[in-house]
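Before we start, here is the structure in question, set down as structure tokens.
Read from first to last, the chains carry the letters A, B, C and D; within each, the first residue is number 1.
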């Protein structure tokens, strides 16, 4: 039967509407930018791994200290030991890559476990998790890490493990909240009534269907935080140590010359940090929005 | 305020205080464990090549009051602390309590001021994008928040100092000095850097915006609209008060962390700087004092948040 | 803006005029103007402000302004009277008698008559210094003293365990007042005196500001005459880059120790004076002779050959320093100029290694009967450690070139100390020592100094050296001792338990309004009472 | 006895754009209604038939955008007389009589602002609303007393708080809240659903509106409370005598309270007339849909006959792609061969079959 459907016009092409008005488009842009960054990171990680670099990042050249960009073939100039900044930038991501993943893994895995325990099985766990959460939140994170690193060893893995641990309760409480919310919606009872066993409920219905976006956000935020944390620590002298390059200690080393008007050695890594972290934030938020909208429907 | 709501609040405060006490206990214990496990007996490093005989060493040990096993050390420290005696810094010999309070106040200025700045930036952006949707202004400002919360904060500090020197030709020494008197501009620069650079602003904006959007779509807002009342007035408590206090409570630790760096850059005589110094010297009593004070500040923040929550939301008091 | 401080100063002026007793306090006769203030920047904060419990350079510089010793040192490194106007030494050199000045008074506590300085104070100081419960780095220096007795109110006599050469220099320790410390037996940092010191020196502590700025004001009745500059303020900085900028923007007037990388920028600026002074310390790479690989002297020498010290000095320190070949201050009587620093010669280095039985492995790393020549280099972390990083990285680089694999490890300061001095878990360290003023190297290379928390961390033992060291300690004849030290120098340079690098030329940078600035290499402010600021520039 | 209508809705169309479906949902599609002074108009229909949206369009509370509100809502009561949709800036332009989308004018901020301008002094003052789910529709953070006094002080001549409070207490008594002085201090949280609904009614009445819109006032309350509320409304109607637009999917409620009834389906009115005619099962002129509705009411006599509960066949109308012709014809059971072509091809108009009784069906139009 014929209906006068009006798709001809109603594929209401919003072409005339400026892009920042279209949430969907924005989120897509965010996410694509984020993914682009992630690809860049992974790409440079691979480049570093197979060292396909313009120069040897550890090659010291005392005749060419603090060379400005574009001079003598160093695209981004050289640092205080005459090492090529670009190469160090590329290889610098290795300082964060695996450790960052480690931090995220710790946070997500343990956080999820605790969260489920607290939210799904009763108040005992709940009080414990809340206590630990408040306990860890009572420290300024940087101070805690500074203390640990000063007390033990300035090693990126230490830093990241601690970042991970400090994020565990955050994730836990989020998951807990989510589960309690679902409980209010009588969703879990329904599921149990349907005879689903706990494993299915938890993993499929709770975690997969309802906590995806939340976990993704946490993961991206965790990575971003890890990088910033290392940068601050580098400034305080407890970050990744020479000769291993990390963006943090590159910014720090370059910043020594910032006041003398030599900006490039600190600006290059700083911008790298800036864009990367922005990438992670945007990726997280965009994905979250998209998934939420999906669920909203 | 009405009597009916006073009781729950008093109750809550006492409850919170008990919890806080437990937490502080936990904090002190964690720190103690870290320090205890850390390799190296700071005492002997301090005595390096200054002692003649073992006997003298022992004498000095007891002079420093660290002779017993770790748990008794902890317990005695705890006992002293309950008497309000936090010991003296092994570095300067000054009583920890006084020192920590002195720097704590400076840090509090910095933290509170930059918290306010963060909110001053975040709240309008959140409101606009929650009400008007995405206009060009909102979009750019949102992106701006993403940018600033991704900057390495000390680098931002350097930039600000460089600009203030070469563009405006003054050197930011907060708190002035004997040669330079206290100057608001100098005071504001670190606040500015910490306020926008503490890496939380984008989260804050996002959170506030979502909360407001949620509240604006509540039924009771529609009702208020229907009876011609101002929806701002009606959405104020749930849409602004609660989320903002929540943000403050949750972001204080981050800002305190940022303060460590900013105080180094701007030479701010605060807790962060002292924490760094203490961490380097393994100045146990001082570390304890500082972390405890930080914890107390954080707890205070969350206490305030809880109280506000109760006061505005009668439902919470029943729970 | 400048009004307030000057008013304050005026008030103080009056106060001191009131308090000034008739005795002493004659103004300086050099006719240079009084007045003005000097704010100098320090990287970090002082620990304590008394001369005994403090153990850092910043405190030492401040105590130099507040206190005096029995004897002092003039700009030509000669020993001159200070609190003691003259002294006698018994023939056998076991007894030193000091006749103290009678016109010296301690800084007055507020609203009190200034207490005169007497022999009691000297004895008190010594006793407190040596008390077992007092934790101080000075004990070791004064072990040679047997006892001290008071002859009369202004005469003290020190009895030495055994006569030693130029013991006199050691009597420059700072004297603290008996009425100062609350605890009369021993001095701990808890003692209020540690933060509110009372001295006899040209400047007296006024207060410590909220910013931890230590403010010193002129001592109106300083026995050498009132110092010219009214006020010294030590401002702590947490970031060296910022500190240099503070100087360039007149936020402070002086930096006692300029970071070498900032020298060009300050040199370019005509408003400031860069004044060199010899850092009485030398940097070195120290080897752990417990490691069989390093026990072989040829290996150590090879390392020394492999390192291009001049290049490092030039590119990292703008060439501000002298390369040394031994543990003595260059130009001092003990230094042996005939011993030239080994030249940069990688080829020679490789040969030496081959001699020692090392051959290049296929991965380019030297191997001796299956054992790779790969070593760990432990370095302490400091926040401002760029120079250290540079030297270490360069060192690593040089050695890699001759096929030695160096694993650099940066450790937090205290744990580094432990690894080196307690557990001896290291192969190489990078560090620096302060030259001993009496050229005594026993604590560094005498085999008796091997052990935990002893300074011979490398466990270097050589009977010849031991005997020479003891000999030089015992002898009283300066010439004889000189020859012995030259011998020591030669042997150590050849054995090279360290790779001696250099002693740097430090720079103080200050606003050129400051005049007649003379700097003591180590204590820095020894002559500060002669500095002045022309009236026109006092602001 | 022709009184002038308080509210005269002509050809009201309210569409929403659905991002997911990329199309316009025609929630209200050409509604004509009028309410005369003092009467109670009941609007009945399945959920999704556009009842509530109509109400919200009248009060301009539609928040979703972009979308369309177009047509004419003439409002006329003590002094005020205006078209509530006066030159409203819409997101799209549509053909007034067929409702076809003519063009989409880009980048439109939506109508929120100028609706607020139009509604100034009317919303709340002249027209006040009662919503469903009272517990969430009252501000949980403010005591009901405050909420009522607020609306009084906003919308009446009373400006002093003390007087307003007296007034509020008066209204609380009017709506049969026990011990109003106590309740006055309560938050909605402390009250039962029924209490809340009473409070809300009090709030709505307290501004002495000339039109009261009750949008599903009994939904979300349990049965006993429902009947109580209905009684209350009936009583209020008799005592206060306010013109009411009562929206409900519950025919019994409508039957009890309303003088006239409009039956809505698929965003338009299918039948409009006096309650007794429209809602009496035996009446001869009746729209098939209304008949079906009535049949679907559970009553035991009918249950005895058939042995099961009657439901309307087919499912709720797809409001995006309207079928051509009569909206109901796909589910209609009374199509005769004579008119079936018409039903499928053309939409009938809403024409009088007796004074003040209109039906939109081919059955009853001669020719």
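A few remarks follow.
In this section, a contact is a pair of C-beta atoms (placed from the backbone, for glycine too) under 8 Å apart; a residue touches a chain by one contact, two chains touch by 3 or more.
Here the structure is a predicted model, which is why all the values come from computation and not from measurement.
The chain closest to the protein's centre is B, with centres computed as averages of CA atoms.
When the C-beta pairs in contact are tallied for A-B and for A-C, the bigger tally goes to A-B. Taking each chain's centre as the mean of its C-alpha atoms, chain A lies 51 Å from chain D.
A separation of 92 Å divides the Cα centre of chain C from that of chain D. Averaged C-alpha coordinates put the centre of chain A at 23 Å from the centre of chain B. Inter-chain centre distance (chain A to chain C, centres taken as mean C-alpha positions): 47 Å.
Each of residues 38-39, 158, 161, 264, 276, 280, 282 in chain B touches at least two other chains.
Each of the following residues of chain C touches two or more other chains: 241-242, 245, 383, 412, 415.
Among the residues of chain A, those in touch with two or more other chains are 18, 21, 150-151, 236, 255, 258-259. Against chain B, in their complex, chain C makes its touches with residues 1, 4-5, 37, 39, 44-48, 53, 132-137, 139-140, 143, 186, 188-191, 194-195, 209-213, 215, 231, 233, 235-239, 241-242, 245-246, 249-253, 383, 412-415, 417-418, 421-422, 443, 453-455. The residues of chain C lying in touch with chain A in their complex are 241-242, 244-245, 261-262, 265, 311-312, 315, 381-386, 389-390, 392-394, 396-397, 408-412, 415.
Remark: chain A residues 18, 20-21, 23, 26, 131, 134-135, 137-144, 146-148, 150-152, 221, 224-225, 228, 231-232, 235-236, 248, 251-252, 255, 258-259, 266, 270, 273-278, 281-282, 285 touch chain B in the complex. Note for the complex: chain B touches chain C at residues 38-42, 44-53, 55-56, 59-60, 63-64, 88-94, 102, 106, 158, 161, 165, 169-171, 173, 175-181, 263-267, 269, 273, 276-277, 280-282. By the touch criterion stated above, chain B contacts chain A in their complex at residues 19, 22-24, 26-27, 30-31, 34-35, 37-39, 133-136, 138-139, 146-147, 149-155, 158-159, 161-162, 199, 202-203, 206, 250, 253-254, 256-261, 264, 272, 275-276, 279-280, 282, 287, 290-291, 294-295, 298-299, 302.
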